[in-house]
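These notes concern the structure reproduced below.
Should a chain be cited, it is by its letter among A, B, C and D, assigned in written order, with residues numbered from 1 in that chain.
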Amino acid sequence: MSSETSHAPLGFWRSHVFSTDHKVIAKQYLSLALFWALMGGSTAYLIRWQIAYPDSEAPGWGYVAPDVFNALVTMHGTIMVFFVAMPILLAAFGNFLIPLMIGAKDMAFPRLNMLSFWIFFVASVVLVTSIFVPGGPAAAGWTGYPPLSAKMEYTGVGWGMNLWLLALALEFASFLLGGVNFLTTAMNMRAPGLTWFRLPVVVWMQLTAAVIFLLSVGPLIAGAVMLLMDRIVGTTFFLPEGGGEPLLWQHLFWFFGHPEVYVLLLPGFGIILEVISVFSRKPVFAYRPIIYATIVAGFLSFVVWAHHQYVSGLDPRLAMPFSITTIIISVPFAFVIFSIIATLWRASITFSSPMLFSLGSLGVFIFGGLTGIFNGSPPVDIYIHDTYFVVAHFHYTLFSAVFFGSFAGIYFWFPKMFGRMMNETLGKIHFWLTFIFFNSVFIPMHLVGLRGMMRRIANPMQYEFLKPLEPLNQFITLSAILLLLSQFFFVINFFMSLVRGKAAERNPWQANTLEWTTDSPPPHENFSTTPTVYRGPYEYSSPDAEEDWLPQDRPLSAPRAAARQEESS
Amino acid sequence: MSDSHSRHYLMIWIWLLALVLVSVAAASILPKVQALVLIFAVAIVKALLVVRNYMHLKNERAIIYALVLVPLAFVIILLFALFPDFVYRG
Amino acid sequence: MSNWFPENVSTFGGDVDSIFWLIFYITTVWFFITEGLLVYFAFRYRRKPGEKAAYVLGDTMTQLAWVLVPLAIIVVLDVLIDIRGAEVWAKIKGQPPPADVTVRAMGKQFNWGFTYPGPDGKFGTEDDLQIDNDLHVPVGKVIHVILTSKDVIHSFFLPHARLKQDVVPGREIPAWFQITKPGEYEIPCAELCGFGHSGMNGKLYAHSAEDYEKWRKERWPEGAQQTATKG
Amino acid sequence: MNAETATMSGAAVPPGKTGTWWFLASEIPVFGGLIASYIVVRLGSAGWGESSAHLNFTLALINTFLLLTSSMTVVMAHAASEESNYRSVANFLGLTILLGLGFLGVKAVEYTTEIAHGFTPASGIFWSFYFGMTGLHGLHVLAGIIVNVVLWIGALKGSLAQNSHRVELAGLYWHFVDIVWIFLFPLLYLA
């Protein structure tokens, strides 16, 4: 394949639509994911409205029937996890950052990279069409437990469910190809001098996330094939009347499901680690142990899945081993959290909007991690399983990476991506509103959950013991609406800065990693000359330099190099 | 075509075919349990023959070994974790 | 803070709550330590002109100890929580106490169907009673419920008894509870089971001894002489 | 996809091979999950032996022979491409494609006879797994054939020279598909 010579002028189509440039592909993923975030956000609004004011006319939509409510709940989960979180955290940041941070011209397989976006685009089209198909979209929860999801008459959803499965299968194929690309690029195309332990942490975490996804999605692809055959060909994999096993799907789903939440979390951790280190002007505390902890957590994430099934027919004897592995996996993450906090010790912190979002993400994750211990303990899970306590828990852990983590990333790398600075005051307003309304939505949700309110019920007022929760639910809905509205500060800031933002220089934040050594936005081949790397990415406030930063590719002046040499030999 | 290569591959091919016949014979002669054990042992040997010789895994770097063994380990963990729910029916 | 939960009326409900509060106090302590440290460091070490950050790599054991020691404490507390949890789990899910009354519960799209064995104490005999929605049980007795489902996965949820167990079609899952306070308690379904999931709600009538006896006489007039406890 | 765009940083494994092995690593849990489910559900319920007796054993034996032989021919093609002998690369690839098509042909005959006897995917859990596993494997064989055809045309036209390493990569994928059948054959037909 003759790779395009760098100066061959590409037409609009080749350079903007069907482009093999990893930066363009990253922006394509980002824009498609932001569209889906809008869709996911509107499903959240309708769900919250129906719960707070059951069977009333939701402004802008109207009455939400029970089956429509189930479809909204399913779509909210599917869109947010697979069509917002994964594209932004894995595909957009991974595609944009990995080649730039390792000093490569592009991904190892540029055309495969473009192909994986367009497979994701087709998956999005398939999911959108599944909404308008007779019988409506899938309505069996984002987990799609059979037999409810395996037979049309149980939910009245016909092709909507089949297309939902197809959309997921395509999305998995897209991210499988993406993962192969990320790993091959990082293994083979690092700049000279860039050894494995001089890689920025966000690259390490992107790679671990890619490996976890690659090795965990298999059984769910098999499960999706089996479920699709159950629905179309009439096989009975998950139908007990035909000798099938409904619990088999839950095992296959959660064998993928739990590693999946770490696939979402790790890129978020990587981003906030980068941002915190830059704005504290201080090296990441325990860089290498964090990487080992991430890899250990990656392996452990494969042996914890059944803590989702304590009360769903799992053999009671299995609950204890899985609660032990669930406890063990909280150790590496606690280590990473404490190390991030230790990075702040004796730092010199500037509270820019990326930094605020990273600190917010950390604070939110600590709360989410701690509520996880309630869910991990089998007896407590007997009571709180499938209640809003679980919903509140996973929104804390997911929001920390997906919402706060990716906003930190967007505010931090916007200058490099688009060549313009974002407005700081709008960023700070957006942060504080999002942080306050996020907590006012999800802290009360813990209480609603403890009172026993079950998940995915359209009308809590049909239950005597839930009636006293009406004011709380209304408060949550109001805060959720305000949380959604406060996102407009980001949308305005994003599009305004695209056009009228102050022109960004090469290194606005004075950071060390390689992507800040090239222009903003970087040219087609990223680097005029392939950089050579002399040190790790976090040499801030290093004794070797007067300023408080020392880029990876800057050779040390001779005397200092000599001093450094015998010091470290 | 260098003879050493092709002769080696032909030898492996003959071994594979022979092993197929062994497992077929085992299925019809040996009692149930022994037959099963032998059949799947033969299957593993055949897989190793293909992986080591045809896929040249024996002269690859360790990373490639890991790429095969780690997913296999996870699949085996999944298999044994499913036993209590579906085989012993708790 | 005790009204965070619906009133507990079952024997093992107290144990479930005690594990919850054990975890609650431990996590609250850690919550304030960690978040407090985060906020304090963020504020205390904000950028001051002329001051450079410390070049701390955290690659020596003395520095790492600052992270590893709290981690070790967390591991110890986690193990404690897990041991206490295992005891309660074994009590609830392990060998249940002998049954005073056994009932079959069948989840179906959109209500619960209960089958009572009747005076002869055996299922499948003609004196069985099959009624929807209402589960009548004596207070203070061990009730065994054999959970199954007709169509999709539902979840038998007794919030006041701290009991929840998914019902899976094709399987019979045993569960047990013992109510301590007479009254009416709801039995919602906690697993998405179709468009009627919201509103799928049964009723548990926990009768005192004589009320339960009166209820049995109404249901099985001729078989009144068998005492309630057999079966 | 060629090797020289990569600035070598000590990795001896060229990108093409790294990528292919990562892809195969992600395929192992797919078939692993399916086979684990089959084993577990089979051990948990009775009556699978009788159903599997209805399968046509001789056809399966022929299929096993075809696929094993195609594994040999594709590695011969790889050996030939190492020596840039693109004439014999084309011959061996052609042979591999024929054997692959033969495999699918036998599979089609098998399916039609079974369905004619009334054993469709809907007639019970064994048949669900049988059609599910062999169907998914058959699709992978088909994908492999398409890749081999593309390379075969490249070999005939001589344009394969710059990307000769692709023959090895296609071979790796083909061996993987063959190994899956090495396990499917005893699981379905012998057990």
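Everything below uses one rule, namely that a contact is a pair of C-beta atoms (placed from the backbone, for glycine too) under 8 Å apart; a residue touches a chain by one contact, two chains touch by 3 or more.
In this text, all values refer to a predicted model and were calculated from it rather than measured experimentally.
Contact with chain C and chain D alike is made by A. Counted by C-beta pairs in contact, the busier of A-B and A-C is A-C.
Chain centres here are Cα means. That of chain A falls 34 Å from that of chain D. Once the centre of each chain is set as its mean CA position, chain A and chain C turn out to be 32 Å apart.
Averaged C-alpha coordinates put the centre of chain B at 15 Å from the centre of chain D. Residue positions of chain B touching 2 or more other chains: 63, 70-71, 74-75, 78, 82, 85-86, 89.
Looking at chain A, one finds that residues 187, 215-216, 218-219, 244-245, 247-248, 255, 313, 316 touch two or more other chains. Taken residue by residue, chain D touches two or more other chains at 13, 22, 25-26, 28-29, 32-33, 36-37, 40-41, 44, whereas all remaining positions touch fewer. Applying the touch criterion to all chain pairs gives A-B, A-C, A-D, B-D. Within the complex formed with chain D, the residues of chain A that make contact are 1, 3, 104-106, 108-109, 111-112, 176, 179-181, 183-185, 187-192, 194, 214-223, 225-226, 229-230, 233-237, 242-245, 248, 252, 255, 530. Interface residues of chain C facing chain A in the complex, by the touch rule stated above, are 4-6, 15-16, 19-20, 23-24, 26-27, 30-31, 34-35, 37-39, 41-42, 45-48, 51-59, 63-64, 66-68, 70-71, 74-75, 78-79, 81-82, 85-86, 88-89, 92-94, 109, 151-153, 155, 157, 159-160, 162-166, 168-171, 173, 185-186, 188-199, 201. Residues 63, 70-71, 74-75, 77-78, 81-82, 84-86, 88, 90 of chain B are the ones that touch chain A when the two sit in their complex. Of all the residues in chain A, the ones that touch chain C in their complex are 65-67, 69-70, 73, 139-141, 145, 147-148, 154-156, 240-241, 244-247, 280-289, 311-313, 316, 319-320, 323-324, 327, 330-331, 334-335, 337-339, 341-351, 359, 362-363, 366-367, 370-371, 373-374, 377-380, 382-383, 385-387, 447, 450-452, 454-460, 462-465, 540-543, 548.
By the touch criterion given at the top, residues 12-13, 17, 21-22, 24-26, 28-29, 32-33, 35-37, 39-41, 43-44, 61, 64-65, 68-69, 71-72, 74-76, 79-80, 83, 85, 88, 171-172, 175, 178-179, 182-183, 185-186, 190-191 of chain D touch chain B in their complex.
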